[in-house]
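Several structures are given next for inspection.
Note that chain A is present in both complexes that follow, paired respectively with chain B and with chain C.
And then the complex of A and B:
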């Protein structure tokens, strides 16, 4: 079912919502190409800020850290989360209900509090701070999202499909490869995207767990803004947005979320 | 193609004995129905033959080869599931080709054989459709094509028609029978629908509480049920309980009934009579020599167009009589009538 905004009022409303969502981003992207540091109009187009960015080792390094932490988080959280979802679906065990219920509070607890708790715990346990601590923290944050997303997909799985594949002569590996994985893939990809986003966007916990000289992009941007805003930040932000949009487009070309393809 | 032999198979789930010393022989090329109520063990038996579950004890042979410890994928069986279990992400072609693909069949051969199988189930030209674009009946045909395309030794069907509406079901019964004949594959199918079992199969096994009660061709099973359960589960039956007296059945009120053969043994006995074998005798009609006679009170007449059901009562026995809708004397509820039926239709059964 597709609803079409037919009257004028609805069109204006839609326009306002879209403007509210995208205008700030567009302004920022435009300003990253403006040679004036003080947002003077009309725009005097330039790539200067991108060139400067290319020499800003602190921003580049923090971007690299962010990607590293986000990728590690994605891999670990997707694998653990998918395994947990399969276990929840397929097996009955003690405290299963308790464990499932325990997934939700971490989503509701403010990150500031989770971050404080992690900082205390990592300090007390000797894990300390740094990228490894951030990965640990981000995995903990991302896991509930992955499990919820992947579980939603698995719930619709008909175990008879695996039985049917076996009756047709497929060995366990062929069953997984041709039946189970293709079915789970959209859920798995969605879960992985969530994990990546949770980690890449994360500020509070990364801020608490960073050590001087080793931080992530959001933390570095925050520190830079405190010192004084430069359009280099517009430039890196625009690149990040372009990256995220490309990723989403690629994924949505292969999978339609929410429906069976 | 192959015969299937099940001998002395036992299977328990905890305290519950799902199969209790079951032995059956499924002949090569036959169409065999396993009939029973839910919990009778029929599906458990099918799963042992398929290899989804393994018997606690006993033997299963397919084509003379002992398979009871082989997993399902090594047994070379074709199976159709109740909900068809088509792979939703694959086209009709890929679904049917699956069994050949996992056997590493060369591509051109896969193409040819999938084409043949789709033609057999009359779905040529549907290759590229996805399962969700098919009707229930079409999905069923895809499931059948997928189960037989790799020429399995046995075809197992788990309540294959129960998800279809009645009109479609009757059409598929004919179709299933035609395809089974054409392919000549040994077929075992599980159902709780007695009519389906009688129509489709050339042999029926009745299960109850994990035991095989009786087996035989549909007609024999219907005409000569061995137990009261088989008589009532496979069609309708009126049951008479009484004492054995001089080879006859003496009811509590003294009426004596003769059975197919003189009753042997002593003590209690039960006889079954099919409702359509009984008739209401015309007023003043003399009793026939080889017939039983019983007086009863007519309680209700159920009109169903071409047929009539009479519900009657005699003391504490409730009886049913089926009759064709032929113009006869008008009968009224509350009237006393005489029921008559052949001695040869009075079947002694185990209670």
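And then the complex of A and C:
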């Protein structure tokens, strides 16, 4: 390709946008290695904050909670979501459009509204708050994404494969287990990882459903930010964002963001 | 194959046990959504008409006063306008920055690079939103990176005083939602046939005319979808204004949060949440035809 001047300009522009998106994160990462807790420049490099982190029981505890909630969300959302996607693909039924439209609210309604509504309802109905309530809420947010991602994969499935299996004497369960699920595996994995990422990075819902002493990592980070900055927060934030970006890069190997290109 | 052509639709609609299978496959997921989305919203609607939380030992009655408060007190109306303005400004900036970026990705960059760059642009959107907002405090704070850099470039530049301002909130939110606009515009732009643009150019249309008469109209669904999907969460944001706005960061979202976490006036919070939800629904209703085309 010839490097025409407009092309050059276009690339510079794209570079600037990428800088805007990534520089703040890189600055934060750099500051997590700065020995000055007032972020004095130039940076005096140190690992102290990461060492301190390893002894911060509150942050470690909330990390454990985050992983626990995310794992439970992943298992529940991917099983329920995949089942629903299979039904949408296999059958035409009257309420299909309605059911598909019902996936929209958890994504489209601001989390502030869903979060406060859950707080109110869970508290009032006796479900209560805490990790189990967070799992309830996170699964609701992750389900639509799982269904979208798995459905994208399922579209390419040839129903004749199932028909062939049936004609060879397989019962419905065997058909699903040996024909449908193996084909769906990449979509299922992408959906599951996506559900994990949605839950692990979720702040708003967890914030309203946490109780003092039982919170997830983002909630704990938010509390620490409001109290005042500590470089330990930079350190844990750097680890979290590196982890979640890695996770999404892996998802992108299984699922094309933005559909077919 | 002839077999597959005749077989395809019958396999999809056969079997008397269809209803059972459908219920078994979709039931659990939708039961979950009913308990966690529908019932909570219904409960919140009910709460918004009460004078206190309906718990044993509390004195409560049905009232319209929570909604009356919103329509009678200037405070809430100003707040609503402030939030709407914030949503509009953030969506506008996202369009101004994101559309050219989406255009470059869809029409200028080719091959493997396009895929990689596209991923780099949109992946942050699904990563941790809280931490991305927090990272701006490192950049914007007094004597932070931005001020040090400007001071080094232009000695004696002085202070920007950006941290804890309305502008800081806008910057943080644009950073958060920009990938969304780029994604929706990119999808629209990549459906435009390059030959159409070449044809217009070869017939003497200027670049500006091509942009105005072909590219913008054809990518309108993506632009509108992006704008709506940014506007809606922004008017309901509370964490970004709290972290970057400080005392300047009072919006409808933060006031709703206050009702639930510090003031404990849940019925008022419920009413304000529902007014916000009504705004959201009105916006979706207005743009429904365009949104449907975009998806």
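Convention: the second predicted complex is superposed on the first by the 214 of 261 C-alpha atoms of A that agree within 3 Å, B and C clash if a C-alpha of one lies under 4 Å from a C-alpha of the other, contacts with A are read in each partner's own complex, and residues count from 1 in each chain.
The rule is short, and it goes like this: contacts are C-beta pairs under 8 Å (C-beta built on N, C-alpha and C of every residue); 3 or more make two chains touch, one makes a residue touch a chain.
This one's a predicted model, so the numbers in the text were calculated from it and none came from an experiment.
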Is A:160 touching anything from chain B or chain C once the two structures are fitted on A? First, second, both or neither. both
One more residue to check, A:64. First (chain B), second (chain C), both or neither? neither
Partner with the higher number of touched chain A residues, chain C or chain B: C
Is A:182 touching the first partner chain B, the second partner chain C, both, or neither of them? first
So, A:124: does it touch chain B (first), chain C (second), both, or neither? second
Taking the contacts chain A makes with chain B in one complex and with chain C in the other, which residues are shared? 158, 160, 163, 261
Could you please specify the touching residues of chain B with respect to chain A in the complex? 50, 52, 71-73, 76-79, 81-83, 85-89, 98-99, 101-103, 132, 146-147, 150, 156
Please give the residue numbers of chain C that touch chain A in the complex, ascending. 3-4, 7-8, 11-13, 18-19, 21-22, 24-26, 28-30, 32-33, 35-37, 39-41, 43-44, 47, 53-55, 97-98, 100-101, 104-105, 108-110, 115, 117-124, 126-132, 134-139, 141, 143-145, 148, 175, 178-179, 182-183, 186-187, 190, 229, 232-233, 235-239, 242-243, 253, 256-257, 260-261, 266, 269-270, 273, 276-277, 280, 284
Chain A residues touching chain B - in the complex, by the definition given at the top: 158, 160-161, 163-171, 174, 178-179, 182-183, 260-261
Within their complex, state which residues of chain A touch chain C. 1, 6-7, 10-11, 13-14, 17-18, 20-25, 27-28, 31, 39, 41, 76, 80-81, 83-84, 86-88, 90-93, 99, 102-103, 105-106, 108-114, 116-122, 124-125, 136-137, 139-140, 143, 147, 158-160, 162-163, 172, 194, 197-198, 201, 203-204, 207-208, 218, 221-222, 225-226, 229, 233-234, 237, 240-241, 244-245, 248-249, 252, 257-259, 261
